[in-house]
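First chain written, first letter: the chains are A, B and C, and each begins at residue 1.
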Amino acid sequence: MRIVAADTGGALLDEKYNPVGLIATAAVLVEKPYRTATLSVVKYADPFNYDMSGRQAVREEAFLAVELARKVKPDVIHLDSTIGGIEVRKLDEPTIDALTITDRGKEVWKDLAKDLQPLAKKFWDEMGIEIIAIGKSSVPVRIAEIYAGIYTARWAIDYARENGKAIVGLPRYMTVEIRSGKIHGESLDPREGGLFGEIEAKTEGIGWELYPNPFVRRFMVLEVWKE
Amino acid sequence: MRIVAADTGGALLDEKYNPVGLIATAAVLVEKPYRTATLSVVKYADPFNYDMSGRQAVREEAFLAVELARKVKPDVIHLDSTIGGIEVRKLDEPTIDALTITDRGKEVWKDLAKDLQPLAKKFWDEMGIEIIAIGKSSVPVRIAEIYAGIYTARWAIDYARENGKAIVGLPRYMTVEIRSGKIHGESLDPREGGLFGEIEAKTEGIGWELYPNPFVRRFMVLEVWKE
Amino acid sequence: MRIVAADTGGALLDEKYNPVGLIATAAVLVEKPYRTATLSVVKYADPFNYDMSGRQAVREEAFLAVELARKVKPDVIHLDSTIGGIEVRKLDEPTIDALTITDRGKEVWKDLAKDLQPLAKKFWDEMGIEIIAIGKSSVPVRIAEIYAGIYTARWAIDYARENGKAIVGLPRYMTVEIRSGKIHGESLDPREGGLFGEIEAKTEGIGWELYPNPFVRRFMVLEVWKE
């Protein structure tokens, strides 16, 4: 199968490791054997001006995934929202009310569905491709999360070149390595069966260090500086 | 200590990775240092005709564990059912009603207890060996799960020899490797301290591939085909 | 940042792996890159006479952490109690009642706060250092837990020298290795990013074995004996 998925991750941190805002939404095309992406795209947010309620993220993910899917025509699109693997085009009010999620979650989804349900319906009518809110259970969503972390590292390099230094937090239990001409990232959870990603990047003249975020176990911090 | 445990796992999958039915119930004898089985037996189910309610599994596990325990006389039998480490021979209706499990779980156990409570009582009277519903906390139960996955791989090989190909899903975060004359399996969770298993198998003339199940994170898919 | 944290762990086990009592409270100073301790201290409990309610542990941890913090003057102290990262000096009755924890947890904390709130307030007034009940999210708390396991191994060596043999249970998913002149310990969870610790110890004339606790998945047992 060919699956497009999207996820948002990576946060700009201040010197005390407080999150300022999220950085990268990545969409990926994942094909068998489902360990990395065949293709990836990114949309950067402005971490200094970020809506942390979670609504911005899901909306960006849906639109970026659809954009990539128009080109690569996958069998299905996976979004990172755990509402039971439901098809987004079917998300009308009664369906949302019937979901076994919190009332707060229902309000968020009623709001989100205003944009996303027509988007999903149009995409289904035109392309015959479903958008499914499958969430954490999806391996392609996890691969998108890893790519969000890798693109976050590239953002940090660019930011450090301009501003001298950047401190970013990576998505959950993943690591990155800045190599010559590329950034490699991978899951730190061996139970996931070896998920990883790689993108090209200008990496010369940059120093970096990766270490555990002392306040958030299982999350790594990446510091990048101009050398 | 010498512990007998049983568990069921491994599923036949269709081309879209939907489960058709479960494949293997394994019972194991586990002895210090508790990393693998000294002895293992399997009972295969018919995955094309499988009761997915979970009742079939626990019943098969209990009977297979007792069968193995009659031979090897362990100190205790562990079943994969998380009802607080209770002795199965004591599971009468009032005891089940007092368990802190769901009402649905109580109905299932009242039904199961009809067969299993007399089995456990008889086994205790004859052999002085307890059957304990200890569940996921038990390392021998996890080793039985790993063996269920290894036997599932052997089932897939046999099925592929007859039908050309098989796609099976392994139990949670475990991997298998088809080697010459044997199948090796191990946990992908290093926190478990290195649990593994191995059985003999005819493996010549078989091709295989292992990769993450794209829809169920932390579960691996094994494809086997006749070469 | 420089963080002092404390945690209690390691249990004396009987021959059937039942816990007799906890062994070690460790306090650590953790500095960037937050993978191990710069400094560690231990206070041993009497496992044969241990209050398993959890109250003894938190109290010991707070006092030991403050003792270490007086010397090393960290930026903050982390305690292993998951009540939302709240400052301990602010824990009066109305604040505890407003916590989203169980009623039982509130009773425990009202009792604990009698000692700990004045301790934290005094420490804040004198040193300007906060004591935060941050719990499992803190990496320094996890490093303290790993050191509690390492000190437990040293306790086991000393106990075995006197009594011939000791069986102890280590804190969750960690391992220890008794080397010449030292004990090395590390997390078995790679998602934590490589947390470890090491202390000096007299290790000659001692045999040892490490294996999974058959009844408690993801916990290891250490046996030590006089050779």
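Rule of thumb we're sticking to: a residue touches a chain if its C-beta (ideal position, glycine included) is under 8 Å from a C-beta of that chain, and two chains touch if they have at least 3 such contacts.
Being a predicted model, the structure only gives us computed values, none of them experimental.
K.L.:
So subunit A and subunit B: same face meeting same face, with over half the numbers shared, or different?
P.N.:
On the two sides of the subunit B and subunit A interface, the residue numbers are mostly different, under half being shared.
K.L.:
State the superposition rotation angle between the two copies subunit B and subunit C, fitting on C-alpha atoms only and giving a multiple of 5 degrees from 0 to 180.
P.N.:
Rounded to 5 degrees, the superposing rotation is 120 degrees.
K.L.:
How big is the gap, in whole Å, between where the Cα atoms of subunit A centre and where those of subunit B centre?
P.N.:
The separation of the two C-alpha centroids amounts to 36 Å.
K.L.:
Provide the list of subunit B residues touching at least two other chains, using ranges where the numbers run on.
P.N.:
Expected reply: 189-190.
K.L.:
Of all residues in subunit A, which touch subunit B in the complex?
P.N.:
That would be residues 1, 3, 30, 32-35, 134, 136-140, 142, 189-195 of subunit A.
K.L.:
Per the contact definition, I'd like the list of subunit B residues that touch subunit A in the complex.
P.N.:
16, 172-173, 175, 188-190, 209, 211-218, 220
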